[in-house]
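Chain nomenclature is as follows: A, B, C, D and E, assigned in order of appearance, with residue numbering initiated at 1 for each chain independently.
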Amino acid sequence: MIQGPSVDWFAIAPEVALIVGAFVLLLAAAFARGHERALSLILGLGTLIVSVGFSVAAWGDAPVVTMADAFRVDDLTELVRITVAALAALVLLLSVGWNRLREQGSEFTALLLLTCAGMGVVAGSTSFVTLFVGLELFSLSLYVLVAFDGKSRASLEASFKYLVLGTLGSIVLVYGAAFLYGATGSFMYDGIAASLAEGGSGEAVVTLGTALVLVGLLFKVGVMPFHMWVPDVYEGAPTQITGFMAGATKLVAFVALARILLDALPAVEHLWSPVLIIVAIVTIIGGNIAALVQTNVKRMIAWSSVGAAGYALIGIIVHGDLGLRGLVFYLATYAFTAFGAFAVIALFERDQSRAKGYATLDGMRAWGFSRPFAGMAMVVFLLAFAGFPPTAGFIGKFVISGAAVTNDYVYLAVVGVIGSVIGLAYYLRVIVALYDRSRKSDVGLPATPGLGGASLAILLCLAVVLLGGILPSLGLDWAGQAASFLTVAK
Amino acid sequence: MTVGLPLFLAISAILFSIGLVGVLLRRSPLTILLSLEVMLNSVNLTLVAFSREVGGSDGQIFALIVMGIAAAEVVVGLGLVVAMTRREMVLDTDELRTLNG
Amino acid sequence: MITVSWLIAVPAVAAVLLLLLPFGRQAAGYLALLVSLAVAGGVIGFIYRFEPLGGDQFGDNIAWIESLGVRWHVGVNGVSLAMISITALITACAIGYGMWAGRDRSHASFALILLTEAFLIMVFSARDLVVFYVGFEGMLIPLLVLLAAWGGAGRKAAVVQVIAYTALGTLLMLLAIAYLGFTAPGGPNFSMADAVGRGNDWVFAAFALALVIKSPLFPFHGWVLPAYRESSPEVAAVLSGVASKAGGFAFLAVLVPLFPAQAATYAWVFIALGTIGFLYGAFLAFRQSDGRSVIAYSSIAQMSFIILGVFLLDSRGATGATFQMVNHALVSAALFLLAGWLETQAGSGSFKHLGGLARSRPVLATVALILGMAALAVPGSSVFASEFLIMLGAFEHSWWLGSIVAIGIVFAAMYMLRWISAVLHEREGDLVGSLNPPDLRRGALLCLLPLVLCLIGLSIAPAQFTDRVDAAATALVSSAAKEAGR
Amino acid sequence: MTQLVWITLALPLIGVVLLSILGMKLPAKGAGWLASLIMLAAFLCAAVATIMLASRPEGDRQVVEVAWVWLTAGDFSVGLDLWFDELTAVMLLVITGIGFLIHVYSIGYMKDDPQSRRFMAYLNLFVFSMLVLVVSANLVLLLVGWGLVGLSSYLLIGFWHNKPKAIKAAKKAFIMNAIGDVGLALGIFLLFVDLGTVTYSGIFAGASELSETQASIACLLLLVGAVAKSAQLPLHTWLPDAMEGPTPISALIHAATMVTAGVYLIARMNPLFVHAPLVLDLIVIIGVVGLLMSGLIAIVQTDIKRIIAFSTMSQIAYMFVGVGLMAYWTGIFHLFTHAFFKALLFLGAGLVIHALHGEQDIRNMGGLRKQLPKVYFCMMIGALALSGIFPFSGGFSKDAILASGLHVDSPIGWIAYIGGLLGALLTGIYTFRLMFMVFHRRPSPYAEKVIPASVAHHGEGPSSMLWPVYILAVGAAVTGFLQIPGVTHLAFSWLDPIAPDGMVEATVGQDWLTTLFGTLIGLIGIAIAYHLYARESDAPERIRLGRGRLFQHALERRLYWDDLYSWAFERPAMWASAFLSRDIDRTAFRWAPLDGLGQLTAFFGRSFTVIENGIVRMYALVLALGIGALILFLLVRGG
Amino acid sequence: MDIVVFFIASGLAIASAVAVVAQKNPFVSALALLGNLVSLAVLLLLLSAQFVAAAQIIVYAGAIMVMFLFVIAYVGPRSEIGAGERKPWQVWLAVLASALIAIEVIVVVFGATFGDWADLDGDYGTPAAIGKALMTDYLLAFEVVSVILFMAAVAGVVFGAGGRPRRLSDDEVQAKEAESAEQRRREASRAVLDATRDSMGEGA
């Protein structure tokens, strides 16, 4: 009889809850065909609340490593779990008026829950194997979610591109992991780190493995030159999923990147650090100048999220206490900022359902007057992207810049500044379009389905963004606490 | 055992790049998916080869997991192709370019 | 006890309320006006209670972002008080003008102006670098939205231009602030007092660049013209009147005290740029074809001159610069309101279409004349007093500097006289003839009158001002002056 | 006593405020009389104050009083300081007295103008500014007055603001005066840097400590201000153009008071100028050249007011010569008499213009003595005084100046003397050219047409315009008697205390000799004028000087000064400003950093997104190249 | 012996991989992939990974390939898209990139100093050993993979459900009609233009 590993059920309860929830939801939906939407919302939100509840309950506890050392639950994991689940809840809120929720709501919600579970697994991964399965769980779910917009062919196109490129990325990651395994004999981060620390960090195989792993992770993070999928997928996906990806995927991928680089590969920092520096510079500038020439707002923000990823890289490059805290704070608040922005776009698309729903600059003209709250919220989100006070984006950029300038990475901070300036130029184009008085706004918009849910979602994001900017102390403390687990191997 | 590890790794790398060429050059979604399978298999070969060299079963297990996931990925990929077919979309990746810029 | 935090909070809260609640035009206008007047009232209370030698007053110092060592630390000294006073005054006038002009979606417009006021007061009273930065960059947003939404035909380009310049500067300043704060011994600490003398040359340069752009100083003045020309008049008044002063103020109250060594070492750079800008702006103002451009270039000249005054690093220069900031704020705000009024009434601001407005419009003629004469610093005016101080300081610095700068008086006379005669005098312009604009009447006049009266009051008794400011201004430049060996 | 001076100072200001607040509520006449009465009151106050001053013992006539501090910064402080002494008293009397007469005159002159209230307010403002200038006890306050008179002058020259020429002239006057202000201000700065004070008493006390260079530079800078204000070489070109303003203005500002402020300044600052002998010599030379030049130019002018304007320049040049010779009292004495006769001439000219409905060209006049006998008579007194004919006032004062030159007996003194006598010849010529052209000869067709109806309508002019002329005529005739050589000695003895270092006074013999020469030469000039201009048989060109085309042209172009400034400064400045604004500023500072950079960035953005072409294998290709490059990079780097 | 098997198997693997990539007909490609899988299984056996080799045959050949074939059959001839219409630079770059990676890997692996093959336990690569590891050290991964497969089933439902190909909506019909009208108009105008040009040519 094989003795299974000890399992700390409380530690993995959030994921278990999500998976069980997804299962129950699908089963229940099979018996209650007519109530797809209500069922999805109630069970989906319920599951997420339970999951978040478990995470919150474990917040601040000492880190737990369970399932044969394959999974690590510390505050960073918890933070990711909470953020991701919160975003998923917002996705559900935003989808209230979506007709696909009526048709295949249970599948949608179940996939969403599974995505969250996969992200939790990634966040807590301690080995490439765990990382890979978690990554694939949420990636594969996301491929489907991206394709979920029944009407739009763009949705399928985006999904297919995402699938092909995403699989390519995963393959490269595994390939790299294989080489690292060959060089060190382990898939575990601590095993790799220990082996490299003893020597062998100069071997070409290690270099090769590091390079391939880096590519795989940078691909998921979506930085240049591995960003090609980002704009297309973000544009084609149902907008709430775009928001979810921009927020959650980025956060999770960065946490995975940080864990691998700092836990498994600290010995080869001389290899990955210059790569990240170059990539960060190229990404910040490239992402922003590409966004500058966009006319579709959804795509513009997709590009801007590429640039933002470059900015977050600075946090990893610096990776002091300040840098990592800034990274976590920046990413966590960025998640809500990005989701908020895409939520506003989603609302706009629903307002314009006849006109193919494209959120072009021209199409958005004067819309801010018809939906004053959403318009103003959009302004705040855009300013948060740009790092203006008093938004959370300001604090995040401030801390990361502070980390950079105090650690002899002034040039990175300056590049960030240049990127922000370019960024402002196009964010302002959106604002100008939203409040373009030269066009008559149609003040009496028809009642849009799900307006309440969408407004609530936007409001919640707005609250996070503003609170994170005006009273950031608490958030910074949380981020600091979570980030303190990033350098555990050192 | 007379065949050295580098040979296995080299074959794997060659298969990997052949698969990559397929992804880079073919326009049929199905062929692209098949090429991806070639790449996955090549990675599996590397994993198993290293596993043999290290002497533990970790690499083999990873290879098995990759295989399982490949199955899931194929399901999703083929499902997408089917969905695209049903939407009467042209099954040519060069035509799948409404999203660009 | 009302502290300056209230003066920040009240307009900010009012702005949020105005933005969110569906006010009607009248109600929004009156609420905004009331709030701005309340702020002005608070400022008057400050002036009344202010003790010139009392250092920082009416302040607060409470923890804000503890983990970063950021504190909500604000306070008012003589220089701050001067700037806050003009902020309150000009905001009230701007809102009054907005009401008179009947801006559409007025509640948003007024809310943004109030928000600007809050941020500006924050800048002028900040004693913590992050508070300062938040105000400094924060004010950009409402101003830009105001420009973007209510601006003239070229507003889109103008917005981008303003952003490209000012944001670059402010973000670099953020880096400088981050450096100063995070390298503080004993953990992050952004208190201005603790940052004194800790910066190196590059930090100084980044900091200075932001202020140079904001002010603006030659050759970073490119954004000024579009911004001032395309904004609606009340926004242009706030922009040129107070927002640009944030740059000059920060030179005096933040940069020079924080970086005494660098300020002393590189004073010549700013003096040189200030001199060039002073003459350049005045020289270019001379050939502009519309009123706003003339005022815009004259603003460039004046701000350059103010910065020159700051970097003389002596009592005369500092006090004169502070005084000049106040004077120029009053003059340029009033001139922009007047120019805007002219544009709405006569249909164009171009000199081609104007002229002869003095005929049978005595109030307009008087107001324009007083403002014009103040702008060209006719001796006896408060502007003269402040320019005299700065020039005297410049002359004390070195005789040739004083001599070069003094030429600016002649240039100022040239462009302002041209403006006066092109608007008021000579033959009637075609639009004046066809539209026959009325004289300055109650609403618009009421908005201009406080500014004009303040100018006259300051002209009569400038010492009332300089007495209150002198101690603080001199103290601000004293350490740099010591570094410079003066 | 000082209270009276304060009241004198305050009255016109009150007038300004009253007139601008009441504005249209006042009837036009009422406004005029209000302003005039205020001036009368001011004059009375000034007169009483002067009497009180005179009643003091001679050494104790200098009163300084500080009202309140106006401006402070560090150790620099300027107060509203009052300085009342003999010189101030003379200036006060001239300003308020002549000012009152001209206010009255203006009531009649402006009665048809709808904006006469504004005119009166400006006039009061001017008087206030001028008073500030003369009562100030420190240089900064003097500069304030200095600038404010410039402002009033600007406002009044450009009073008819729909006349582009008037506005242009006003601007020109203001800008040239601004140059003077700059000079003055720099002088003040220099004195403050050297002496640490700007009060007269401080400067006078410290002047002896200055080196000659310091003193000379300071005096030169002050001289720039004086030259600009008094329309002397080389900043004189604004004065003739300023004649575009209403005639009372020309009389008050551009003859009697403001333009003499330069003389006042030099006289006032004499304890400083004493330490700069070279500058004093320069002042004499400026004066001599200026008086000859303007006299020559005056001969060919055809505008009645311009002729008088050039004559004003010439007479102020005499004053400069006087103060430059350290005979400060002569300068002020001439200032005093000149105020009467020149105001008289301007007001007379104003009556003529009034009668001719605004015509100012002397070629369109002629033969007016029959229609305007009273005017003719008064103006003749003025003309004789101007030409320095014994025993009219101008003779005494001008001869006192020239005699000082004789007395000094240095090269500079001789230059002054000979130049002054030559100037007297020219004065005789141009003055009587004017008189003959206007009042003698055959009436021109225009005059013939207009005058009879005009005279029939309102006589020679309303009494409010005539009476001031009468009074001034009396003044022009008799004020010279204040200093009849060897008989009366009032001018010198009254002004002597203002110069602690003493001043030049010619002997009685020198005085009488000069008077003899002066009168003779003046008569010769009149004779020449008669020969050239009074006879009826002339061809039109005889009206001019005679032959010599180039000379003629040069004089008509006012010796090309305006052209010089236009070519040397105005045009290059215009061109450079336009060039900078159009080509440099727009491209280098506005287009390049913004649109240029923006377009460049956008271009990069567009070219960059070319690879984002939507084709998935393209994306994969980039990914693959990225992988290859990254591995290569790391292998090369990390080995 | 081993080396002969190795070269035969790897030669087959490469050949079949090339066939997968190069065949126009995806049906043939799929079959080539099958060959590739089998050859690889041989290589895996050479590496003593019996269980993986078996799984390779069973999972891939038995499940995945069948699925492929079904879908290829479902899609039908539309799936036959050749490689054509490529620009030469694309081909070159693709080959260059792939070859670059391969060469880099090969250079690295031949340059590296690997130890000898490890001595193996008796149960290396046997189902028992693998199963034990899966149930202990890799329990989490194993469970997650099962969740992934569950998720794949859901994905199948998502893509599979939803009925027949959609009919064109009214909007699209209109758009199509408008397009063809535009087309006709353009042709007509071109005809007129041609005619005009002809007549003008005659005139000249």
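One rule holds for everything that comes next: contacts are C-beta pairs under 8 Å (C-beta built on N, C-alpha and C of every residue); 3 or more make two chains touch, one makes a residue touch a chain.
Bear in mind the structure is a predicted one, so any value in this text is a computation, not a measurement.
Common contacts of subunit A and subunit E?
B, D
Smallest number of touch links from subunit B to reach subunit E?
Between subunit B and subunit E, the shortest chain-hopping route counts 1.
With chain centres set to the mean of the C-alpha atoms, which chain is at the far end from subunit B?
The chain lying farthest from subunit B is D.
Based on Cα centres, what is the most central chain?
Most central by this criterion: C.
Measuring between mean CA coordinates, which chain is farthest from subunit A?
Farthest chain from subunit A, going by C-alpha centroids: D.
Which interface, named by its two chains, has the most contact pairs?
Answer by contact count: the chains B-E.
Report the inter-chain centroid distance for subunit D and subunit E in whole angstrom, where each centroid is the mean of the CA atoms.
96
From the mean C-alpha coordinate of subunit A to that of subunit D, what's the distance rounded to whole Å?
A distance of 78 Å separates the two centres.
Which integer distance in Å separates the CA centroid of subunit C from that of subunit E?
65
Between subunit A and subunit C, what is the gap in Å from one C-alpha centre to the other?
Computed from C-alpha means, the inter-chain centre distance equals 42 Å.
Can you list every residue of subunit B that touches 2 or more other chains, as numbers and ranges?
Residues 16, 20, 23-27, 29, 32-33, 49, 51, 53-54, 58, 61, 65, 69, 72, 76, 79-81, 83, 87, 93-94, 96-101.
Which residues does subunit A have that touch at least 2 chains other than itself?
129, 132-133, 136, 140, 143-144, 147, 160-161, 164, 168, 182, 204, 207-208, 231-232, 293, 425
At least two other chains touched by the same residue of subunit E: list those residues.
Where subunit E meets two or more other chains at a single residue, that happens at 90, 94, 97-98, 101, 104-105, 108-109, 112, 114, 137-138, 141, 145, 148, 151-152, 155, 158-159, 162.
Judged by the touch rule stated earlier, which pairs of chains are there in contact?
A-B, A-C, A-D, A-E, B-D, B-E, C-D, D-E
If we count contacts the way the header does, which residues on subunit D are in touch with subunit B in the complex?
Result: residues 609, 612-617, 620-621, 624 of subunit D touch subunit B.
With touch defined as at the start, can you tell me which subunit D residues reach subunit A in the complex?
The touching residues are 598, 601-602, 604-606, 608-609, 611-612, 614, 616, 618-620, 622-623, 625-627, 630-631, 633-635, 637-639.
Going by the contact rule at the top, pick out the subunit E residues touching subunit D in the complex.
Result: residues 90, 93-94, 97-98, 100-101, 104, 107-108 of subunit E touch subunit D.
Could you please specify the touching residues of subunit B with respect to subunit E in the complex?
It comes out as residues 1-22, 24-31, 33-35, 37-38, 41, 44-45, 48-49, 51-55, 57-58, 60-61, 63-65, 67-72, 74-76, 78-83, 85-88, 90-92, 94.
Given the complex with subunit B, which residues does subunit A contribute to the contact?
128-129, 132-133, 136, 140, 143-144, 147, 153-154, 156-161, 163-164, 167-168, 171, 174-175, 177-179, 181-182, 185-187, 231-232, 235-236, 293-294, 296, 299
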